[in-house]
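Please read the structure below before turning to the comments.
Chain IDs A, B and C follow the sequence of writing; residue 1 opens each chain.
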Amino acid sequence: MMRIEARLKELGLVLPAALQTPPGLRLPFTPARVRGNRVYLSGAIAIEADGRPSQVLGKVGNEVTVEQGYESARKIALGHIAALQRALGDLDRVTAWLRVHAMINAAPGFNNTPAVANGYSDLIIQLWGDDAGAHARSAVGMAVLPLNAPVEIEAEVEIDA
Amino acid sequence: MMRIEARLKELGLVLPAALQTPPGLRLPFTPARVRGNRVYLSGAIAIEADGRPSQVLGKVGNEVTVEQGYESARKIALGHIAALQRALGDLDRVTAWLRVHAMINAAPGFNNTPAVANGYSDLIIQLWGDDAGAHARSAVGMAVLPLNAPVEIEAEVEIDA
Amino acid sequence: MMRIEARLKELGLVLPAALQTPPGLRLPFTPARVRGNRVYLSGAIAIEADGRPSQVLGKVGNEVTVEQGYESARKIALGHIAALQRALGDLDRVTAWLRVHAMINAAPGFNNTPAVANGYSDLIIQLWGDDAGAHARSAVGMAVLPLNAPVEIEAEVEIDA
């Protein structure tokens, strides 16, 4: 069995299905753009196992707690990993995480955006380890996010091409 | 005639002049940073054919409709393509679109940011096709944008180096 | 002596220590992710010589003036350069600046975000010159930033690998 897939199983994690695009939304872009030794991962929101957008919605610091925001970021990581698996076949082809840009739907005055983004970073490092999983990151507060999601994250990884 | 230039002509599209920087603004960066097999396109706002910033200004969801936002995003695509042409000479050198980061000046509560960013994605795919034109994308809501523009977009493309 | 280090000395500039993470904050990512011929620089806020976050805090256009915002952006550039030096040993290995994404904690109605980001761009160009220092850039207004910082900037550079 492949290393990352085995690690996911060990941790009891199941990758979600692809996003079920809500009615009325048209998304003419690709979740994982593969090119040469790079994959560019589109800005994604948290989805459930069946691909439906999470119903935890709103601004972190208002309707959404930091803990829920952390969990959303973790679900986004799982969704990104699922997109990588569909695009690459084998997650061991991801040789290095490079850049993570975490965007938090932040209530006025809420600025603990790093604590939210940690849900993404922690899972990546847990799965890929301190070397391949290391990444540059920003975690910043947005005015609004699509569907009123609390978190949206985009990322870039290196692959074995 | 080159393929993308021919397609632009077919569609009756004319590329705009370079941005006429408004008085008082100093922009010490390059619209299209070419290096190796990459071009990094600076965050751009919508401009008219003569390079003047579009006079459609304000927040999408307030003063600016979704349709006007879509049109702004489309004009930004044309401006980016014009910047690529000035930097590369030949648009057929763009072998793949990679990453599009669309930033929407969003009114509180307006979260249909993808519908706005589609103005950019649709034109890129119309011109480059489903393969070379495919791209990862984020479309998120900002608190403010330069000059009170409704949309600003940055992007990254692969070129034949 | 190396070229960029000599230039820093000429200009009387001292690189700051690494960020002293404030109590209660956990940042499980790397300030400078080096991989192949790229370094991805994490979103950083302004720090003082000893690595403590600058005490100039708040929204540009309210508590923070454009001039203070410019100075914050310049300090972020120094912090990024310090991170590059720690990661690479020798700053002359940075052969080209590529992309700068400047995020401004903007008061409602404040949209002169480029004037703030110029503090970063001006220093990079002063040190690396018009060719290697040229970069694509966005300068946009955020709802909130970590620690209520007025500016956060992430960047990407090319290195001699």
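Here, contacts are C-beta pairs under 8 Å (C-beta built on N, C-alpha and C of every residue); 3 or more make two chains touch, one makes a residue touch a chain.
As the structure is a computational prediction, the values presented were derived from the model and not from experiment.
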item: Relative orientation of copies chain B and chain C, as a Cα rotation angle in degrees, nearest 5; value: 120
item: Copies chain A and chain C touch via same or different residues, half shared test; value: different
item: Centre-to-centre distance between chain C and chain A (centres being mean Cα positions), rounded to whole Å; value: 25
item: Multi-chain contact sites of chain B, meaning residues that touch two or more partners; value: 101, 142-143, 156
item: Contact set on chain A toward chain B in their complex; value: 25-33, 35-36, 38, 40-43, 101, 103, 142-148, 152, 154, 156
item: Sites on chain A touched by chain C in the complex; value: 37, 96-101, 104, 106, 108-115, 118, 121-122, 125, 134-143, 156, 158
